[in-house]
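Presented sequentially are two complexes of subunit A, the first with subunit B as partner and the second with subunit C.
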Partner chain A sequence: MTPIHDQSYRRYAGVRQEPGSAWLTIATTGIRTILGKKLFLLVLLAAWGQFFVRAVTFYLSANFPNLEILAPSVETFRQFFEIQEIFVLFVTVYVGSGLVANDRRSNAIQIYLSKPLSRVEYVVGKLGTLVFFLLLVTLAPALALLFLEIMFSASVAFVGANLFLIPAITLYALVEVLLSAFTMLALSSLTTSARYTAMLYAGVVLFTAALFSILFGITNSSALAWLSFRANLDQIGDVIFRLPPRYDSSWFLSVVVVALLIGLSVFVLERRVRGVEVVT
Partner chain B sequence: MLWSRRTVFMALVVGGPVVVAIIVRALVGMDLLSGRGMVDGRPITVDGPIIFGLMIWGFYLRFAVPLLGVFYGTALIADEVEDKTITYLFTRPLSRGAVLVGKYLAYLVSTGLVVLPSVMLVFFLVVPVLGGEIGSAFPSLVTDLALLALGLAVYGALFALVGAWFKRPLLTGLVFIFGWEPIVVVVPGYMKRLTVSYYLQGLVPHAMPQEGLVSTILSILQANEVFPSAAMSVLGLGAILVGGLGLATWLVERREYVLEQ
Partner chain C sequence: MPTSGTEDRSVARLDNVSVRFGAYDALKDVTASFSPGAVGLLGPNGAGKSTLLKALLGFVTPTAGRMDVLGIDVAKDPQRVRARLGYMPESDGHIPGMNAVSFVAYCAQLAGLPRSDAMQRAHEVLYYVGLGEARYRNTETYSAGMKQRIKLAQALVHDPDLLFLDEPTNGMDPKGRDEMLELVVDLATRKGVNLILSSHLLPDVEATCDRVVVMYEGAVATQGTIADLKQRRRQVFEVRVKGDVDTFVRALETAGAECHGTGEDLLRVLVTPDQGPRDLFALAARHQVQVRHLRPSVPTLEDVFAEAIGEE
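Then we have the complex of A and B:
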């Protein structure tokens, strides 16, 4: 005899989670999905390439006195972030382009928002996926390098003399990551195609860079650096790492531009991520 | 191809330089831009043709042409696979290679129809400012237009191959133009010959003004043998064009595209 199962109403037996924690489910699911892609693991490995090279130079400088030229300095950590910029672009494009666009394409946003999940939680969850991977190629290797420096030199002299490096690395990584993540997410919410979003983002970054270099050629001054997406980050980075700013424009103007870009992205997300589109 | 949402992207890419040209023209008209400056204590003067040369190099050859090549070139086959419409194309009574070549020609015509008029607009807006003359700069415009058409053709062929070959062609294309090309071009040795921009650079100086700061910088770089000769450049670009399109056609003829359910 086959047992007959009771299909009538049953009380929910699962664990009830506090409101506001659903974003974590979206973020962890997104992270797991991306980690399952082999091509992305290759990108991630390439992004950590600089870390391995720097680690070898740190080891050599710490153990061979005649190789002191390779010794780390504040500039080393600033340069580390500059070289990582290209990987920030690739990771942002790979991970971020489809985050909202794919949901819009398959009308999944409506399904998401029909659950006990607010729009803010949805956006924060998607943002969390991108921020996690961006921090993985910026903040994590930079802090790991600082840790390796202490280990290889068996001394905290360098870190002690440059104690500001820890907050500087953290702050700059956060500024870079948040700007990239918010911009990409906003662009992703504007279309239903991940390819289109990727090209829009690459277009914005590269067009503003080309615009600045041409204006630099015409005016022979870098006072218009604030027009460039990347130049703003470079300018802010120099100030955070206590180095002389490389452009003639005010670093405060760059801070304002970055804040405006993030604000504009939040505005776009607020308008575009909706369960039902109201047509008037 | 012209009547699609992608045209908006293309219009944005080529509309940006036109907007900048209008702003430059307005600034010069209001005497807010003189074109004079100092570099290393030496006075330099930038005129209309030099600004046009800068815009051709910075906006079109280094930005618009590779970006449009990646966007459209990789989409020739990848979009049909993604939209699951490639089956309908391949069941038509014509060879698979002909489908690819036909789509490639459509890409060339549609991008050319948008990019080249944009260059014309920029030329007429920028060249007459700060003492420049349209008549004397006109031959360089013809060279620039030919160069851009060649760039679109070569990048398109290369990325058609990438689109036919790779599962994630867009990322591969972006890595090539923004990762591989800028790094390899400055590496000593033969590595730079594996890029498109190396051969394009060999042709650019002939299209740029022969006087002023830009040509001075270019002549310094040429003295260090950074650029190939014009003949070598045309040969290299031709090889990439024919090789890329030929290989893409060969791949499409033989490859089985599995559509994700």
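Then we have the complex of A and C:
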């Protein structure tokens, strides 16, 4: 007599996706996991605080002529990104510190890589989670602000006069997000502790900023701005938004430093994300 | 080295594969064939069993040689190989913050199953491995035995054609160990899943597999069916004698036989192919020793293993 429902092992006769889309599974699962954390939702809400304040000022300037002083300019969008820097730091640390470190701690990397996915897919999936949230606090509110400006003023005059703003916002957000995400992921792959990774990342950002400040105090010149993680982004940001660079160092040098940091991160990830750890 | 005659239908084969970690040769010119069904990968710790499995998974790149799994060249298409493989690693492995059913369903999705199918399979497989009641618990709270079962579940969930089990009974209590071995036998005999069971525990392999590949110091020491390998050994007799045992043992050894004490008053005597019970009786009579007990002994996998790696 056969049981009503056989709970034994059965062969699977359904469809299977071809290898190549596992990164999307990793990224979406990571996003869902993070969105399930109430503390993070508060961080996200705080990160959108500036957007709401700016939206109100845009509305007032568009509707009350005597409040034209609040009207948006290119600098407004540049300042928007500067203020968001702190939230970029919070989100990078909160979301990114455990992305690889926790997998290393729990030997999950060999589980991942025993499935039909490559190391590149694994890294892209993890990056996807972090990049999604970083774009959510940079690119998304900035573009939404630009859209609100058009809506409130019922005119495309501002955007028309500053058409470069759309690619500038996109490009700067991508530079900032990719640098933060790659650096954090590389640091996360070096340890097995999310807490240690968070301290390491915050240390890199804060220490390089402090070092630059000290050298600036001694030399009275900002030619060594390329030493600072943040100053490089500020310098590149000014150029992207067609504003005068704030430091004496070459903006091109900052581009090189950012490219080197991303390259170094890729190298570290290539060495550290493996199915088998070899100690020779 | 003995080889099987079923290479053409092997599920995995290695041809002259070498793997080197720095100055250390983890695998040395390994040629092995794993036929369908359950095959044991035997060897002491450090013999290269796990390295061999990781090479077949594409985790490590050999310095020389070629590997095929299910007819696919591992070097050319490791992802297609892994789509048809399940791997239960030796060390604990889980994804932090997930309960068992989410973890196993996630693994199924990573292996290409649609989300709804993945969830259904996760529930089924968790029941199958005996974690049905604990499937909503966070895997980090699991006992050592439960962690072994969840590792088997994640390896099985996408219904692989070939399963690699690396020390599957590690850290399990006797009851759990028996249950795990029953699952392995069920998979291999009734569910049509081919598997390679890597272990240093001979009883585990003997209870589940009909073929073995014995590894020692990064090389294959011997391979074939357990029955064949046992038959190839010299005939063994259990002998109990009364009289000068030491003199009798020396006489046996001079005649080319091997003698091992069993801890009781029994001797295990491995005779040469041209020797038989009559020769033992004659030798005993010549040395005025009385044979009180003599019967052929069944060679064990332990005998095969010891001979393969050159241990007494």
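Everything that follows uses one rule, which is that the second predicted complex is superposed on the first by the 268 of 280 C-alpha atoms of A that agree within 3 Å, B and C clash if a C-alpha of one lies under 4 Å from a C-alpha of the other, contacts with A are read in each partner's own complex, and residues count from 1 in each chain.
Quick note on the criterion: a contact is a pair of C-beta atoms (placed from the backbone, for glycine too) under 8 Å apart; a residue touches a chain by one contact, two chains touch by 3 or more.
Worth saying up front: this structure is predicted, and the values here are computed from it rather than measured.
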- Given the touch rule stated above, what does A:Pro167 touch, subunit B (first), subunit C (second), both, or neither? neither
- Message: Going by the contact rule set out at the top, does A:Pro116 touch subunit B (first), subunit C (second), both, or neither?
- Response: second
- Partner chain in contact with A:Asn102 - subunit B first, subunit C second, else both or neither: second
- Task: Please tell me which partner, subunit B or subunit C, touches more residues of subunit A.
- Result: C
- Go through the superposed model and pick first if A:Tyr196 touches only subunit B, second if only subunit C, both, or neither. first
- When the two structures are overlaid on chain A, which partner does A:Leu206 contact: first (subunit B), second (subunit C), both, or neither? first
- Identify the partner contact of A:Ile86: answer first if only subunit B is touched, second if only subunit C is, both if each is, neither if none is. first
- Task: Pick one for A:Arg16: touches subunit B only (first), subunit C only (second), both, or neither.
- Result: second
- Of all residues in subunit A, which touch subunit C in the complex? 7-12, 14-19, 21-22, 25-26, 29, 33, 98, 102-103, 105-108, 110-118, 274-276, 278, 280
- Message: If we count contacts the way the header does, which residues on subunit A are in touch with subunit B in the complex?
- Response: 39, 43, 86, 89-90, 93-94, 191, 195-196, 198-200, 202-203, 206-207, 210-211, 213-214, 217-221
- Tell me, which parts of subunit C touch subunit A in their complex? 21-24, 54, 57-60, 79-80, 82-83, 85-87, 89, 91-97, 106-107, 109-114, 117, 121, 124-125, 127-128, 132, 140, 154-156, 158-159, 186-187, 191-192
- Please name which positions on subunit B make contact with subunit A in the complex. 5-6, 9, 12-13, 16, 20, 24, 33, 35, 37-39, 44, 46, 51, 54-55, 58-59, 62-63, 67, 70-71, 75, 78-79, 82, 167-168, 170-171, 174-175, 178-179, 213-214
